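The structure under discussion is supplied below as structure tokens; questions concerning it will follow.
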Amino acid sequence: MSLFTAQKSETGLRAAQGDLRLEAVTKSFGDFTAVDDLTLRVPRGSFFALLGPSGCGKTTTLRMVAGLEQPTSGSILIGDTDLTGSRPYQRPVNTVFQSYALFPHLTIRENVAFGPKRHGEKDAMAQADQALELVQLTHLASRKPAQLSGGQQQRVAVARAIVNKPEVLLLDEPLGALDLKLRRQMQVELKRIQSEVGLTFIHVTHDQEEAMTMADTVAVMNAGRIEQMDDPVALYDLPKTAFVANFVGQTNMGIGDITGTDGDFLVADISGTTVRIPKSRSSVQDGKVALGVRPEKVTIHGKQPEGAGDDVRATVVDVSFIGVATQYLVTTASGSTWSVYAQNLDVEPESLRPGSEVWLRWQSAHAFGVPVDDDAIAATKGPVVEDES
Amino acid sequence: APPTPPASGGSATTQALPTDVSSTEKIVRWANWTAYLDYDDATKTYPTLEAFKKKYGINATYSEDIEDNDSYFNKIAPQLRADPPQDIDRDIFVFTDWMANRVVREQLVQPLELIRMPNASNLLDTLKDVSFDPGRTHSLTWQSGFAGIGYHKKKVGRELKSLDDLWADDLKGKVVVLSEFRDTLGLVMLREGVDPSGPFTKAQFETALDEINKRITDGNIRRVKGNSYLEDLKSGNAIAGIVWSGDLFVLRSETEDDDWDFVIPESGGTLWSDNMMIPITSTHRRNAMTLMNYYYDPAVAAQVAAYVNYVCPVVGAQAEMEKIDKDLAESPLIFPSADWIKKNNIKGFRALSPTEDADYSAQWAKVVGN
Amino acid sequence: MTALAHTGSTAPAGDPPKRKRSWAAYLLLLPATIWLIVFFVVPLIQLFTVSLQSGYPGNPGYYYRDLNFGNYLTAFTQYWPHFVRSLLFAGLATFFAFVLAYPLAYAMAFKAGRWRNVMLICVIAPFFTSFILRTIAWRQILADGGPVMATFHSLHLTWMLPDGRITETWIAVVAGLTYNFLPFMVLPIYASLERADPRVIEAGGDLYANGFTTFRTVTLPMSMPGVLAGTLLTFIPAAGDYVNADLLGSDRSTKMVGNVIESQFFKVPGGFPTAAALSFTLMALILLLVFFYVRKFGTEDLV
Amino acid sequence: MRMTSAAISAPRAGVSRGRRIKNWFADHFAILAAILVLIYLFVPVAYTFVFSFNNYRKSNITWVSEGSPTLKHWQNPCGAPGVCDALVTSLKVGAIATLAATVLGTMLAFALVRHVWRGRAAASTLVFIPMATPEIVLGASLLTIFVQGFSRFGLDLGFWTITIAHIMFCISFVVVTVKARLQSLDPRLEEAAADLYAGPAASFWRVTFPLVLPGIVGAALLSFSLSFDDFIITNFVSGDETTFPKFVYVSYLRGIPAQANVIGFSMFLIAVILVILGQTISSRRKS
Amino acid sequence: MSLFTAQKSETGLRAAQGDLRLEAVTKSFGDFTAVDDLTLRVPRGSFFALLGPSGCGKTTTLRMVAGLEQPTSGSILIGDTDLTGSRPYQRPVNTVFQSYALFPHLTIRENVAFGPKRHGEKDAMAQADQALELVQLTHLASRKPAQLSGGQQQRVAVARAIVNKPEVLLLDEPLGALDLKLRRQMQVELKRIQSEVGLTFIHVTHDQEEAMTMADTVAVMNAGRIEQMDDPVALYDLPKTAFVANFVGQTNMGIGDITGTDGDFLVADISGTTVRIPKSRSSVQDGKVALGVRPEKVTIHGKQPEGAGDDVRATVVDVSFIGVATQYLVTTASGSTWSVYAQNLDVEPESLRPGSEVWLRWQSAHAFGVPVDDDAIAATKGPVVEDES
């Protein structure tokens, strides 16, 4: 795209190129450590997602990269250029803010042309128009932000950022305020834009589905630290902690003790039921272990199924039809609440109702083991409302 | 053509007087000029007034309301002229002769019952029969005084003797003059050899006016002020100016600085009198008269004069002054002899005709920026 | 007055429909509108009739009904310098008040944190020490013998001052106006900045605008409704003020229309019609300016 | 990319010390400037405070070293004749004007925001124009009517004319303040009240009024401070009634007593303390 | 629950009981008709969902039921009591507002007690406490709304409404402002409350998944009219129009002509491919037809699968991993974009990448036919961003 070819010669920091690196970055507000000794490398041109619960430090991390906040210690580099201590306007970094932060007094075109104008580009307006074309908003160029819908504003915010051809584009929950349908559409759109312009995207979200569909790499953050960082499939398939297992999708959990091994498998006893976990899929090899199995890996049966696999007895508590699939909530013999996800494929679903006695079955190869901690214990209780006060 | 003007001319009071409640409301409210009554700094009270209160059981309140004749009169005039008049909350006010003339002519004051004021006969003979109030039926002199040059000897660093001395370069912007044109222009006219008490011409008046205009434009004069010029002298913004005689002595005692001095310019000074009157709205006429009468007791008058250093209009005060302060009893500024006045070429400002008054006032107002 | 900063805002999308249409409305509005009509409109009409009155020659202070437009002629021809000065001084004061108020309002809105309310009080509280008292305090502080002049003298800088002094010069008058109306500038600007989303200002920095450019291109335009309200609330009273020129200025070179009106009312005999004409002219002039100003900045609904 | 000298220069590590100092100033410029401006606002207040300890003679203009500083004016703030009468007048006028203007203005604000009626635009203009009229014009016009029209109703210049005038100019400020608050009120709250069985009266007193109250209180505070500090209009319509500012102005001509400084500064102090107190109470209630 | 037993004797409208009925209700704003001749019956005690795109008239309908808006024509009844024209505070109806509309100046307890107090109940506070217990917020009773998180506020709004034991509870997108995770939790919660208190719930949403998991009956609204009203499974399984098919879940569509019949099936030609639609599952029986197949009913294969079923050739455009499942976007030979949903069960997914040639297969019994209209044509283009300006 012509928009991203003719790069003006720039000086110093603004010309920095390469991977984004955070080295031992810590940020404290008074006594409180919002980001704790974070080290991170984001390869140039990749789509990187930062996932985590509210207040875990995602925004703070982004703001440090943007230069809107200075780290208490540690440094931030792009390629070999140290950005630490420089001002936002000196960095080859742009942000799409959670609240969009469009300039209310400027038209859409002027909003987008703002950055190029500051660079003294002669053809700022033309560049703005090109960027607006990219987000398919040319026809609204002369409106004011207040006259746009949420989704449109969101796209303006993206255009306003990418028109500057930054080395790194930061997106702070850009879709947080949109409704579900629009959100899914915008996810597709953002991904398209990223692949077209080839910039490094750092995308902050607390929606795990969003992180997984969009990103090349996902980092899961918790209380100022990164718990796990991986590509989406690996992260989902093999979480290293109960926190990750539950934050990234749902996980059925059971707590027990490793009693021995069986070939490539660890054998564990979960409240009387013997289960097997692949050695390579467990981050604990002896003592207490939390077994994890994803709801979609579990099948539900009216009578004990035959063939290989682990299974457990349970009682159906709730059945909900969600269109593409049906979700069963069951209580296992040991008292944990598990959930089973069954696609409404062409096979007629077994007619199970609350109260039915059932057998759950999964392939031992799909189980994983994580250390027992508070998150793991909470997870055995199933998806109930927790107080977030 | 304008319709016939309202009540004017003739001093016969045609208006009904308000009911006097003096006997039930034992108060009298007095509006006067600044530095015009003996004052005790330690107690922040006016000793003669305190004595009056004690003696008559009348609660007298004293307000230094008057900055100059015009501003005070114009402030109260709308109320006095309203139909019906509105109470101005004052039972005595003090105006200079020419303004007293207007007030009396417009019937804005109440007649005095001389029979209730035996001391009034102590008024100096020269003041007894004035053109604006023949027989003193509406007014009684409070003090008389002179306009001349006042300055701080040390700060100026030399003696000032004439108006020209005031316009010296090193005093530029350090000089105040009076907002009463009869004083300021009177002195200038004298300096120019014109007698303000004589039938001077419009041209002569305007020549004097031009002089002041030039001095303001050139920045010699810092401000044209009424009685509050004293503040400028105190704060140091001004160190010399055209002033009223007694004030400089009050300033001396207030600032405990004897370097303040008053002189009659070589070319002569002006003489004026201020008169106590009872506004038409007052309902405490008798109390007011009691007060006037009290201040015409020579002993009281002397006590006042010893503080304010103005020309005392009360016969017998000089004798009383002997008891208080010999020097003051000799002072020509308090007890001037006819000779002294003549020698120093001190003149009154002649009464202006209404048209002259209007014309000159307007011209003056323009020059001083009103 | 903070509320004045709401001027620019167009009705939000969720503006409730104006529902009720009833006698209750008239009951609610009557007392205040009657008050304003009786004590604002009627007096203005009276002022207008006074401005056309003539005085009896030789009887200053007495007037008769007339259609004497000459009073307006006098007001214009004789006192135009005062009008010019009023507008000029008020303009300067508004400018300086803006320059001083903005950083203060900005700091209060974005930097003050928990000190925000304390700062707010600090801006309002001086109102309670009468403004006359404070202006007189300035007069003493700036007096020839005061500390400020002493500093000028010791630094040999008096040449910078007109006539080598501060009081009784235009500098003192403009300084006094600036000082006295500063809170009226601070509060509306603060109110509009406080409403602004700080992220929008950060977005300026993010898009390569340095501090000053961000201010010029983002912060300032966003706070325009507040600036507009603030400049009006400063300019209008400043243009009609006479106390500062009286206490801090000199006799002729710094007098403003307010002083003339005041002295025509209170000092010069027979000045009522002229004073009324001057007042009316001043009001008309200011309303005209306000009208164009508001038109230019596109704020139609000021109340 | 074109090769220029700038492109050749190697990327620097970190940011220089000079730059950092510059950045620090850029970050703190506003707050430093704000502190200076606040100091500027306080200079004459401080002067007033200092001179309240002056053992002044007739006038409190120059510092009298003999006997100063003295506490005697603080011990007897009413010592100067008239000063406390003036203060009381100001407080009374302020209280009545605030009450009346707040009630009238609030009613009008409700009418403007909540009702449709003929002449709303005219009423808005009627509210705006007093704010766009210089005080001196307001004072002058009131003076002409008070002395040339209303005196026949027995309304003499004095306490009531001051109060009437203050109510008049405060109304506009109240309307503007309350209106803003009312407009920012979520209309859904009143609907919720109706939904929860509150009739119009209950809905007003239990929901609308308490929510608009802070705006009304703010308007009242503003009215009081405008009234308390007003000089120009007061001077025109007061006749011989003396408010505190007028007392100060008039006594300026002959020397302001230090008691006026005591009172002026105390009012300032009381205002600050009351607001800080109000704030700590409300913040404590929140937590 | 004791809270809902002792019912005070009440008079008139407030005591109305029975099904909620809307009869030929129309609401116009000026020229614009927001709700168009709507007739509807909601059985007492049921959970009814009103689903539809933004601006279709959902809120307007609810506001008319609540009495916050009066219908232009038609009437609204509860049982046999006509509520039309009465004021909100006279109706036995309560609303949970989209924005919660909690009274900011009252504590949580006072908020909840507001309604009972207006009824002059002596034990208003006790009732409020009981309601708060029901939503598990007793411990926050003395806080102010601003001190609560979004999810907690939402529960307060529910408590504040149900404490009044209304005949009908209206919920206007009560979960719209919550993030995904919390939203799912609150759905469970609301359903639990409804089944506990047994009130009639009318729940407005534009999230179809939400409508389906929660409601007994779902009405799909479009431009002021109800397009279809059914129980969730039926609605999903057998939509009557292309609009419903696409609004309630995704649908793959192909447009063609009915060429004949084959037993219980219609035979249709879709751009050269022959497909079969059960007669009972098609709302058109001849002429043009839009074939619909749900993404989860379609399987994707590297080579043509054997056995019964319809199938079509396609090219993979995009593969996205969403944890529980993988979504494939493909272009069929006829140029329509289809999507295929495959649960990540224990079978290893076929390794398909964009560009792969594939076969799609579905059971003819799962296909359905709807009339060809604009919605149907748009649906063949797959999930792209539309302009909402």
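All chains are identified by letter, namely A, B, C, D and E, in their written order; residue positions are counted from 1 within each chain.
Basically, contacts are C-beta pairs under 8 Å (C-beta built on N, C-alpha and C of every residue); 3 or more make two chains touch, one makes a residue touch a chain.
Here the structure is a predicted model, which means the values were calculated and not measured.
The chains in contact with subunit B as well as with subunit D are C. Comparing per-chain C-alpha centres with the mean over every protein C-alpha atom, the closest match is chain D. Set against one another, A-C and C-D show the most C-beta pairs in contact at C-D. The mean-CA centres of subunit B and subunit C are about 38 angstrom from one another, to the nearest whole unit.
Centre-to-centre separation of subunit A and subunit D, using mean CA positions: 52 Å. Taking each chain's centre as the mean of its C-alpha atoms, subunit C lies 58 Å from subunit E. Of all residues in subunit C, those touching 2 or more other chains are 140, 145, 211, 265, listed in ascending order. In subunit D, 26, 61-62, 143, 148, 186, 252 are the positions where the chain touches two or more neighbouring chains simultaneously. Counting partner chains per residue, subunit A shows two or more touched chains at residues 87. Working note: touching chain pairs come out as A-C, A-D, A-E, B-C, B-D, C-D, D-E.
Taken in their complex, subunit A has these residues touching subunit C: 14, 66-68, 87-89, 93-95, 97-99, 101-106, 114-115, 118-119, 160-161, 164.
Of all residues in subunit C, those touching subunit B in their complex are 54, 56-62, 64, 78, 139-140, 143-146, 163-165, 167-168, 250-252, 255, 259-260, 263-271.
Residues of subunit D that touch subunit C in their complex: 26, 29-31, 33-34, 37-38, 40-45, 47-48, 51, 61-62, 103-105, 107-108, 110-112, 114-117, 123-138, 140-145, 148-149, 164-165, 167-168, 171-173, 175-181, 183, 186-187, 215, 218, 222, 225-226, 228-229, 231-232, 236, 244-245, 248-249, 252, 256, 260-261, 264-265, 267-268, 270-272, 275-276, 279.
Note for the complex: subunit D touches subunit B at residues 57-59, 61-62, 79-82, 143, 147-148, 151-152, 156-158, 239-241, 250-255, 257. Across the complex, subunit E is touched by residues 136, 139-140, 148-149, 151-152, 176, 179-182, 184-186, 188-189, 206-209, 212-213, 232-233, 236, 248-249, 294-297, 299, 320-325, 341-346, 362-363, 365-366, 383-389 of subunit A.
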